[in-house]
Amino acid sequence: MVKAAATDALVIAGRPLASRLVMGTGGGSVNLAVLGEALRASGTVLTTVAMRRVDAISGMGVLPLLKEYGIEPLPNTAGCRTASEAVLTAELAREALETDWIKLEVVADDRTLLPDPVELLVAAEQLVAAGFTVLPYTNDDPVLARRLAEVGCAAVMPLGSPIGSALGIRNPHNIALIVEEATVPVILDAGIGTASDAVQAMELGCDGVLLATAVTGARDPVAMATAMRLAVESGRLAYRAGRVPRRWYAQASTPPVYE
Amino acid sequence: MVKAAATDALVIAGRPLASRLVMGTGGGSVNLAVLGEALRASGTVLTTVAMRRVDAISGMGVLPLLKEYGIEPLPNTAGCRTASEAVLTAELAREALETDWIKLEVVADDRTLLPDPVELLVAAEQLVAAGFTVLPYTNDDPVLARRLAEVGCAAVMPLGSPIGSALGIRNPHNIALIVEEATVPVILDAGIGTASDAVQAMELGCDGVLLATAVTGARDPVAMATAMRLAVESGRLAYRAGRVPRRWYAQASTPPVYE
Amino acid sequence: MVKAAATDALVIAGRPLASRLVMGTGGGSVNLAVLGEALRASGTVLTTVAMRRVDAISGMGVLPLLKEYGIEPLPNTAGCRTASEAVLTAELAREALETDWIKLEVVADDRTLLPDPVELLVAAEQLVAAGFTVLPYTNDDPVLARRLAEVGCAAVMPLGSPIGSALGIRNPHNIALIVEEATVPVILDAGIGTASDAVQAMELGCDGVLLATAVTGARDPVAMATAMRLAVESGRLAYRAGRVPRRWYAQASTPPVYE
Amino acid sequence: MVKAAATDALVIAGRPLASRLVMGTGGGSVNLAVLGEALRASGTVLTTVAMRRVDAISGMGVLPLLKEYGIEPLPNTAGCRTASEAVLTAELAREALETDWIKLEVVADDRTLLPDPVELLVAAEQLVAAGFTVLPYTNDDPVLARRLAEVGCAAVMPLGSPIGSALGIRNPHNIALIVEEATVPVILDAGIGTASDAVQAMELGCDGVLLATAVTGARDPVAMATAMRLAVESGRLAYRAGRVPRRWYAQASTPPVYE
């Protein structure tokens, strides 16, 4: 199994990642020590960091922690409402963190934090042109996902449900349609509430899962981080193993021999 | 985590079991070599064996395999339609396999393989009186589950959906009601189709999962067995970790700092 | 449509009923005037009445109301916990209301009000033997439903979810299995919360719906009673009309002509 | 009820409509006679007509039928892939049918027929500027729905699931979010497969339902059209009546009196 996992790595923009679980750092009120333990338990190698709050917590911030654990920061543009704000934030991130990977978020309002499809697409195009490796947080619209791939995004990150709602995957049909025609990796982002949600994402064929609140908001974040690590591995294996078909009627699993 | 699992063992009839996953041997057309590998990958320590077919396949049968792997056989009464048939089969199993543990199945018909509630309860009472450790396969009726515990069963094993249907857990509400008032371990038995079903069972508070077809009927049984082992561990951890509450609206997982 | 409905009457024990909706009188705190209006709006011709509270509210009670509206009372054995209690209550009802129709309820506890399968079956057998037309409230177990029909019940009344929970139909698969092999009418009883639940019951092939709280507990009971009347008619028509198959992909409903 | 319905009319662009059900004419292989009967049974007062096929079937076409029944045609731009195509088609429709109402469809591909969010928004803006009353077929993204209303559309028509899929409402949460903040009527468009889907749309607070295949593809289109008429009325009433809250446990609907 370990061997299988090694040869089944998630590759984004030509770069293999040792884990299919990307864990964010927000969403809960955990202290840094617990957050660090949870990040380690999750097995993540990539952690989203909101650029617009890095300065505010620098010193006591999350970046030294990531460095200590050998986890790479993935800056995001959380809080941006327009393409130009997002592009500016990405530029700052590139300079500050010395990475051209950017998790692109352009949200339409604070109540739903849903992506603005128009601004998102514009921002993605500009960032690709500026040499970024763009990972856009998008809604679950297969058409928008296709468009984002077409303009050169390195992955698409559709939501399961609104950020922080923990409502799981509200529309598995759309996620399946996105996966079916995807030309870049699909990372389920937002809405994961518990381990079975993460397994379902992987069983639908997603290439990875991004979550934060599900861990940082759990009663025991470290235990939940471990659960999530196992969930993503389990779901990936189940997807590749090829599940048994559903049947309307029963089928004896231990058919007795009638002599 | 390994340590946590060690102190969080499933205990049935006073006996701790090293795994919360019980794997059956039927339901697919795997050969013995693959079955053996899958059993090992699943981490199970207890495997159901249909008494009414043991003779038929003895010699090349599954029992030597279990012995080799140190997995204990759990005889079942699959194929029995009445209490008296089931009691007789259990007696034969006790003699043949030298165990007084019996997975009790009394089904009503071949089409659905659903338990007959009346015959099941009668059989359970008689077997308890005869000194058996009785693990009854039952429907998802909380009242019948309670009754089975009251007559002395060592666990209750409600179905998620009909045997071999792979339809998952059709009525999580009933499983939750059974768990809520359970005085003995609850093992979700029948209906598991893929890893997320097993995680869901554990997240609902079940103490374990029993499955067969989901593994033996998968395209790659060994990979699916591994997925199931991870799924049960993941679901148990998630249950104990205390999931984040669901919210109707979004909540920023990385709230930007507005200076 | 009106004509179709006339020739598509629900027949129980040889007797055609002009409505497939049976409305109960409990579950809310409506006054008698509103209750009367709601009953009339529902179009019901049969209304369950709890025998164990008839005396308590006689005088201002519901029976004169039913008489005024030409609705027949269907006594039930709500509150009974054992077969003998239920049989006694049915005997009293027969005497008091001069009907041998009885809605049989034998519940296991007050928390869930779920039927006790063993006591229910015993009571059903005894009441059939005593000449009653027995309509048993049962769980959604297809095996128990079959058994109740076999002992001579005139219909079976499986629950959608616990009485008063308004959780709708928790296990449509079981209801479909019950309908498939039913030899007597199937009336969905308990759990209906809103109109779409009632439509779903009828689309699953149920012959009728029984509800109370969904109407008496609504903010506007009379409007909801009308909604339920239309829902049952709509669901019956949709069931008979033969729905279009589901498709994974789109299909143009107005295919353009490309010249 | 009839009176209530009269005072609860759907109003689009200042114009009250006598029915909340809009029925399309495509999706099945019904002949004109059956289509006519179905339209009449549905009670619709507005019927979508694909402009790009009107010519092809003129003479024997659907327009004379609509005239005969007093049903107003609502031209759509089905088959258009770009904003400019859609605008051109709308202009032709305005001239041919002498109406400035247009159901705007701009789809991204033939496989899913999902709306292209970017082209749709552009087309909507241009058509509003050109004096049309624009009713856009959109996905279930609350942000795009809001944007369409902001640019002046007279209603928004989110899908339940892809056109012709009959998969019902895949994401009720999104539909509820759209309804919550809607400033124009919300018409559920596409995906309706059977009557309960239509009721659910109305219970979620939609102001109307648009469907075609569910009727034209049913085994008995006229019966299904009637079912849909009743479904929309039922769902509207249920929505306004205020459903009873869901409860985890039972609540006696006929609480017995214990003396």
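Order of writing sets the chain letters: A, B, C and D. Residues in each chain are counted from 1.
The rule is short, and it goes like this: a residue touches a chain if its C-beta (ideal position, glycine included) is under 8 Å from a C-beta of that chain, and two chains touch if they have at least 3 such contacts.
Here is each chain with its UniProt name: A, B, C, D = Thiazole synthase.
The shown structure was predicted, so the numbers you read here are calculated from the model rather than taken from an experiment.
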item	value
Equivalent interface positions on subunit A (Thiazole synthase) and subunit B (Thiazole synthase), same or different at half	same
Whole-Å gap separating subunit A (Thiazole synthase) and subunit B (Thiazole synthase), where each centre is the average of the chain's CA atoms	33
Subunit B (Thiazole synthase) and subunit C (Thiazole synthase), separation of their C-alpha mean positions in angstrom	35
Between subunit B (Thiazole synthase) and subunit D (Thiazole synthase), centroid-to-centroid distance (C-alpha), Å	47
Subunit B (Thiazole synthase): positions in contact with at least two other chains	112, 114, 167
Complete list of chain pairs which touch one another	A-B, A-D, B-C, C-D
Residues on subunit D (Thiazole synthase) engaged by subunit C (Thiazole synthase) in the complex (per definition of touch)	1, 4, 24-28, 41, 48-50, 52-53, 55-56, 76, 78-79, 110-114, 162-167, 190, 193-196, 199-200, 203, 212-214, 216-221, 223-224, 226-228, 230-231, 233-235, 237-238, 240-259
Interfacial residue positions of subunit A (Thiazole synthase) with respect to subunit D (Thiazole synthase) in the complex	108-109, 112, 114-118, 121, 139-144, 146-147, 161, 167, 170-171, 173-174, 177
